[in-house]
Amino acid sequence: MIAGIIGAAGYAGAELIRLLEAHPDISGLTLASVSRPGERISGIYPNLFRHGRTKFGEGILVTPEELIASSDIVFGALPAGAGEVYAKACLDRGISYIDLAADFRFDGDEETYKTWYGKNWQYPELRRSSVYGLPELNRERIKELKTAGPVIIGNPGCYPTAVSLACYPLLAKNARPPVELKPDAVIIADAISGVTGAGREPGRAYHFPECADSVSPYKVGVHRHTPEISRNLAQMAGRPVPLVFTPHLGPYNRGILATVYLPLRDSAEDRLPLIREHYVSFYRDEPFVRVLEDGLYAATNRVRLSNYGDISVHPDQTGTMLIIAAAIDNMVKGAAGQAVQNMNILCGFEETAGLLALPAVF
Amino acid sequence: MIAGIIGAAGYAGAELIRLLEAHPDISGLTLASVSRPGERISGIYPNLFRHGRTKFGEGILVTPEELIASSDIVFGALPAGAGEVYAKACLDRGISYIDLAADFRFDGDEETYKTWYGKNWQYPELRRSSVYGLPELNRERIKELKTAGPVIIGNPGCYPTAVSLACYPLLAKNARPPVELKPDAVIIADAISGVTGAGREPGRAYHFPECADSVSPYKVGVHRHTPEISRNLAQMAGRPVPLVFTPHLGPYNRGILATVYLPLRDSAEDRLPLIREHYVSFYRDEPFVRVLEDGLYAATNRVRLSNYGDISVHPDQTGTMLIIAAAIDNMVKGAAGQAVQNMNILCGFEETAGLLALPAVF
Amino acid sequence: MIAGIIGAAGYAGAELIRLLEAHPDISGLTLASVSRPGERISGIYPNLFRHGRTKFGEGILVTPEELIASSDIVFGALPAGAGEVYAKACLDRGISYIDLAADFRFDGDEETYKTWYGKNWQYPELRRSSVYGLPELNRERIKELKTAGPVIIGNPGCYPTAVSLACYPLLAKNARPPVELKPDAVIIADAISGVTGAGREPGRAYHFPECADSVSPYKVGVHRHTPEISRNLAQMAGRPVPLVFTPHLGPYNRGILATVYLPLRDSAEDRLPLIREHYVSFYRDEPFVRVLEDGLYAATNRVRLSNYGDISVHPDQTGTMLIIAAAIDNMVKGAAGQAVQNMNILCGFEETAGLLALPAVF
Amino acid sequence: MIAGIIGAAGYAGAELIRLLEAHPDISGLTLASVSRPGERISGIYPNLFRHGRTKFGEGILVTPEELIASSDIVFGALPAGAGEVYAKACLDRGISYIDLAADFRFDGDEETYKTWYGKNWQYPELRRSSVYGLPELNRERIKELKTAGPVIIGNPGCYPTAVSLACYPLLAKNARPPVELKPDAVIIADAISGVTGAGREPGRAYHFPECADSVSPYKVGVHRHTPEISRNLAQMAGRPVPLVFTPHLGPYNRGILATVYLPLRDSAEDRLPLIREHYVSFYRDEPFVRVLEDGLYAATNRVRLSNYGDISVHPDQTGTMLIIAAAIDNMVKGAAGQAVQNMNILCGFEETAGLLALPAVF
């Protein structure tokens, strides 16, 4: 099976190349760039230089159109708004499209997209074939949709993945968690990301001397991942859940750590073991979610270069606030790895195929 | 005037040396170490090697007793419980003692100290001469107490400094903030610290390869700075204020960034400019608190190596939660710099003396 | 085939686990620790927590003796001097042993080992079955030796790997390089390593605040890798080659960059393209050595997490000094990856098996 | 005395502001920017926001012309070629000009400048009033020249400062070093710099994810600091000294570590203590050069934020090569600090005025 990556010159594209090269069910890779067709990928990423027998051969970047014509499945790692046309072309050709941007993360809710992304959809009707690809939440929807033909996956954002995994067991309507959210609870998600989350384009804020050794919040109250998280929480809870989300930038490359505060109806002081047990049992069958044992804290270096989401469960001092920490590699479970996981589901591969590399200790 | 530093071999001690060396009103420095008397300070910190004409001369570490006998004011940078005996000796000799540990941060409340620090006070009566040294909160108390003789200052912890500065303008009883906290509000303080906060003693968690490139929470719900923050908030508000405090460790040396969530009684959507203006006006006369302009975010690299606390004011998306970010250098305003500020107040020096070095950009 | 790792709790051990877990010809892993048998590996490395279907099962550490009894090949990642007894036990049991320490890096030259490592060999006769495992230099020796029975591999040190790969094409007796070393040339190898090279044991020099943001030489003139490099250069050149080797510590986790200065007999100003071409052609069949194109510089982040050694060739300004930069991941090509490469050769697997993961861009 | 900084918006400009603000003999600061007059400096460097009572008042950037008209001494921190016109204007106005670029580093040797910087001088005659400002080498020349009127200082480059300080005691004609260079010795200077050395302009190579955790050489054989180093060595030795200089980029902000290899005529194995003693005695009266004791290695974090140059002296294994490590803060002794030192000499201030801040441990 041939996988194509449009936007191979960006960071998410590079990570897709790394993962798909190691994927047992992918026999070939085609790479495209909207702006740099004709270049060699190793000219852009010298780490790929002269790698013997790669699935991408010489790695000459083609145009998206050429790529679509020669791929069995296509990944789009493009800015918001740029992928719709390729998604359409894929469906027209009868192949599926996995979009790493935000264009297909809101089902049919164009209004929300427009509000936060400042543009309209070009082909709104594509949403009839699209599904939001957080497997832990929507695995069955994906499987159902694919029976009807080629599918568009809206691959989740990095922050929404971490925050959603942290909240799901407590919000899930039918999971009967041992504690309940306070009725008017506002969920606070405080998160920090490594600088790869900002992409490959240089800028003052990501210039090494300006961000090394520093931590700072950014886009407080206006980050585009806010409506995506809200949407996920609402789907989980079956009702809107008030949310405050604050992203921070940290002085390191990979990883998101989300610390989520969930106000409880009653003190859970004596039920913490139950809550952790609930989390363990809720995620028992999830191959990529690890609920940590008592005494451990989610840490970004424990999921480095892997598709895992690590979750640790903590009470506050009084027992009325549940604190959940979730760590993911923003470029793997938060982007390319989750996209491969979605491909696995779509294509009927083992869901973990190509994604079981152990996290690197350092 | 001769200043003495007991615990000169630790990180806070080293930072005190750096700051007091540059202080215009300090003519000499004596250095002591409980465990390493007789050694040269430049053997411990080679950055101090052969520095011509220092205030500490050859920098031979003496015993605390020798130091007290030859100093006009004494700083103690020691583990909890270790400083009381020196505080007493100072008072007995008629000189003031500035304690960078937690022993004098709770006024007469030995119960809280015992609960969180697991030990009793050796000389409880010393608290009659002690005051908690957050100048922005207690400047007048310090000035009042010193009229009665030598004083013990309980220098604040690093996290409590950042969080308290973030909350004070909104909690202060008489300040008439333009918005009100929700009546049953729980304040959430989510904070991250650089690794210098862990001190100089090597350990697995601070071994470079284990913490580089990683972020993780720690001591959730049980960090010893929790009661200190609560105590400050209660003093500000004139009533207990529920608090959740979560510390994180970040992969860098200096700086704390605290992001504090304050639930409001009503939406403040239209009053944000008023709130920022309130913060500006509240801190107008504070030499070391900077309320940032609209569009800027508090960042640890903007206060690096300075005694500033930077505060930025943000609304959440809905306007019902106020988000305050506060950045300090944990070793300066969070430790040694604030101790020098307290000395300045105690000794009648200009409060900013020795502390006006500009923050280093990088 | 079952591979065993003695010293699984150290960093090289952890890296062996990561690589062997992904190796197509290894079906099971046994893990041993001299000091911590009975513990779970995920208690030591939480990144390995609850990883579904690993080759190491629950990951309970056994004793070295138990491990040897149940493995088909054994890796020893132990301090110098600690592995001989296990090497002997392996040979006695008829299985091969790959030693990541220095005990088998000097063939029969016990004198040099004693001089630099300060101890005698316990079983000198083991060297009749041992070979130094730098595949680019000794591949044929390894293959020859293994025909006679189980083998001990002395896996090369990290610095020697980088420096040797940089020099080999110019020193190789039969390779007819287009330029010649100056007759009395002293080769200078100036190298820098990330902190993982210091291992997992915490210490002042590797305490985050002491090494972050800093570069420094260490052990100048006395680093134990010096005789190993000298030995390699002598084998290549067929004569002793004077060497000066200076290691540095850098503020990052992974990677060695060696910059090697080779004085030439005559100016090579006009022959640089020939020299690069010679390097390219010399390493043409080496699967893990990449000679970079003109305009590129060897960089540690281009070989991150891979078994590649990247080499870039540069003239100095005058043309009489050749400057070769070589980059490896010190934990992969410089340790665990090369050990796996040696296993592949020993066991008749594809030499690249399990080692073709693409270098991660970030 | 009023000091003016043209190019205040760059990194060297920012560092000049930091240092001059703390300088006891400077009462006011004027700031200029060629491209951004009218802006506030705190809009460019928010770390300077609302700093009470600064010497630069509101910090409104003026034009260079306005600055020259209102300053008593002027610093130029501009790209090569851009400062000559301001140097001329200063001389015309009768005030001195300290140039942090390369335009005045070559005395009257326009040929070398043209070769390496690719442009001609606009006002060659200015070199009659200019001097290269490495105080350890040219202090007397500076003092002599200033007796004749206003002076232009060519402030040294960062790498040349480190390498020159490392070599001077051994090369100085009249210093009678206890060992001699080999007659045809090629001096090799291998150096690494933090990313601030690249300036404030973002670019791919300095984008955080591209340079974090990585080391790489760059501009091998063609770095513009090469002729400047050569010129210094020649002045010291009284004859040309062959040089190979290789710069590297390291993943940290501040600091240069130069490791310099000096081939000796005879083995110095037994004379190392003499050599260190020679270095100590050679630099005895230099306020900013520290020759480290036996057992210590020059390290960039020991000179952080200070004007010190630290030097450690090491033999190679055979005694025929002397290895000198030199560490400076590239932005202080390597740029702004040295410029202030030159100002002190020019203006008859204490040479150490404003420059005795202790190096920060972390």
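Order as written gives the chain letters A, B, C and D; numbering starts at 1 within each chain.
As a working rule, contacts are C-beta pairs under 8 Å (C-beta built on N, C-alpha and C of every residue); 3 or more make two chains touch, one makes a residue touch a chain.
Please read all numbers here as calculations on a predicted model, not as lab measurements.
Given the two chain pairs A-D and B-D, which is bridged by the higher number of C-beta pairs in contact?
By the number of C-beta pairs in contact, the winner is B-D.
Please flag the chain sitting at the greatest distance from chain B, going by CA centroids.
C
Between chain B and chain D, tell me the centre distance in angstrom, where each centre is the average of that chain's C-alpha atoms.
Whole-Å distance between the two chain centres: 36.
Measure off the straight-line distance from the CA centroid of chain A to the CA centroid of chain B, and report it in whole Å.
39
Taking each chain's centre as the mean position of its Cα atoms, how many Å separate chain A from chain D?
Centre separation, chain A to chain D: 47 Å.
Mark out which residues of chain D touch at least two other chains, giving numbers and ranges.
11, 194, 196, 209, 211-213, 251-254, 299, 301-302, 304, 361-362, in rising order.
Any idea which chain C residues touch chain B in the complex?
Where chain C meets chain B, its residues are 11, 194-196, 200, 202-204, 206-209, 211-213, 251-253.
For the complex, which residues does chain D have touching chain B?
Of all residues in chain D, those touching chain B are 11, 14-15, 17-18, 21-22, 45-54, 196, 213, 253-254, 287, 290, 292-293, 296, 299, 301-306, 310, 331, 352, 356-362.
Once bound in the complex, which stretches of chain B touch chain A?
Listed in rising order, the residues of chain B that touch chain A are 186, 188, 190, 192, 194, 209-218, 220-222, 226, 242-246, 248, 250-255, 257, 259, 261, 263, 297-302, 304, 312, 314-318, 320-321, 323, 325, 327, 361-362.
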